[in-house]
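Have a look at the structure that comes next, please.
As written, the chain order gives the labels A, B, C and D, with residue 1 at the start of each chain.
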Amino acid sequence: MLTIKRLSIDDAKILIDGARARATEIGIPMCIAITDESGTLIAFERMDGGKVTSTVVAQDKAFTAAAARKATHEYNAAAQPGSLAFGIHTEVGGRLSIVGGGLPVIVDGEVVGGIGLSSGTPQQDMDCAQAGIDHFLASI
Amino acid sequence: MLTIKRLSIDDAKILIDGARARATEIGIPMCIAITDESGTLIAFERMDGGKVTSTVVAQDKAFTAAAARKATHEYNAAAQPGSLAFGIHTEVGGRLSIVGGGLPVIVDGEVVGGIGLSSGTPQQDMDCAQAGIDHFLASI
Amino acid sequence: MLTIKRLSIDDAKILIDGARARATEIGIPMCIAITDESGTLIAFERMDGGKVTSTVVAQDKAFTAAAARKATHEYNAAAQPGSLAFGIHTEVGGRLSIVGGGLPVIVDGEVVGGIGLSSGTPQQDMDCAQAGIDHFLASI
Amino acid sequence: MLTIKRLSIDDAKILIDGARARATEIGIPMCIAITDESGTLIAFERMDGGKVTSTVVAQDKAFTAAAARKATHEYNAAAQPGSLAFGIHTEVGGRLSIVGGGLPVIVDGEVVGGIGLSSGTPQQDMDCAQAGIDHFLASI
């Protein structure tokens, strides 16, 4: 039998709080998704003005980061044309996202969930995702 | 040009608060989804212990209730074998849910969003969805 | 509660009129799709001779332009190999189109819908989509 | 942070051993799927002669039993025409199986995974799934 650590709903809300605060600061209304370590949704928030397409993209970024235990921007770098991982973005029904903005949430070296942001540029999404993680890690 | 009223993220959180309170009262950890009037997700919460399958089912119930402007239990009654609507539950990629627990959110006679609950029996899901709406309507 | 502006069916027909006129002028029978600001279809027309595949592609272009509030040719530029947005074209079930020919319809600085053209070259599709928007804006 | 118990690959193999032994006894080559408590596949075996369609059906049964924490034959009973849960079998992309043969694996009152069998009659599938669980529980 394995023992797994997983974000709770309270943890998920802290991650969202941190990401939302940074999104507000930079003036970009975001879609924010938090998944558990299996990639299953725990919490989601679309700030007023967040994009419709981003409701799905944010979830897919969080899913990928958690379930593949890899930041989506790292997948992006690894899956460029010419690489043997090129094409991986169509896998898992197209849900494997290689667009920057998805980060695994890591506690004591273990992936316990994922956070995905979408509605800004990939760089802005990554920035707010990191802010969510920083806020969460500071709280524990 | 049309003018549409739509739930804000703050409205969505009030709906979730009301549904969560009732779910806590009856002791069933629920998945709770809120969509806008087009069926696009605004907010989602999986209470600790909510079912994995319910993360999708709750969203589909809210989507259906808002986008078809009909409670999912009303669809259930209308789509039983022998009815001309029988079979509608496989439409829209299977997202058209006819399982009780999805309710349209109606303000001044207009559908402004949807709420979907899943993890209990359909009756429990319906009960908590209604509690979300009652709490929201009492707040405006 | 939010208040949203959205194209009506009459608006959608004016957009199609403008796009069809230009398509006729350049001699390319087009598929023309109009969505609301959430990406949901309002009106669609396949001119005699429009391509079968384009019935879907035109809808996806209009969906993307409206729901992501961005022209599909701008996504094309942003999602080239080497970019952090590379790979986004498989998202939302592959519906997020980065092929030129989808434009958001913007009134008073707000996205109120989307128009998507398909059957010609991307340049021709973009040209006719813009003609639809020009015709619509001149009418209001 | 939550702490979750989950089947290991060694546990999964014991479950398969038990199910395979019973399938051999009744002379029905089976597809046997084991998932973790989130419904993600851990192990799969198609006995020589197992049905092609059953490679998917067995996975969906194990997924449902684990992720919804309910035996698929219990869902079958709950989702008959006339019930408010009627129609649930098309949810989660049609993966929510209500065909007998999927059982949750429960240890100390907690669902730690799921087992799904397919290729026989539902009754035979249920029989072999139970044999897998009996063999596993006897081993711990």
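Points worth noting:
As a convention for this text, a residue touches a chain if its C-beta (ideal position, glycine included) is under 8 Å from a C-beta of that chain, and two chains touch if they have at least 3 such contacts.
Only a predicted model underlies this, so the values are computations on that prediction, with no experimental measurement involved.
Pairs A-C and B-C differ in how many C-beta pairs touch across them, and the larger number is found at A-C. Interface residue usage between chain A and chain B, two copies of one sequence, is largely shared: over half of the residue numbers at the contact are used by both copies. Note on chain placement: the centre of chain A and the centre of chain C lie 29 Å apart, centres being C-alpha means.
Note on chain placement: the centre of chain A and the centre of chain B lie 25 Å apart, centres being C-alpha means.
Chain centres here are Cα averages; for chain B and chain C they lie 31 Å apart. In chain A, the residues that touch at least two other chains are 8, 38, 40, 48, 52. You'll find the chains touch as A-B, A-C, A-D, B-C, B-D. Those residues of chain B lying in contact with chain C across their complex are 1-8, 11, 36, 38, 40, 107, 112, 140. Of all residues in chain B, those touching chain D in their complex are 48, 51-54, 56-57, 60, 73, 76, 79-81, 89-90, 93-94, 97-100, 121-123, 126.
Against chain B, the residues of chain A that register as touching in their complex are 8-9, 38, 40-48, 52, 55. Touching chain B in their complex are the following residues of chain D: 2, 38-39, 64, 66-69, 81-88, 90-94, 96.
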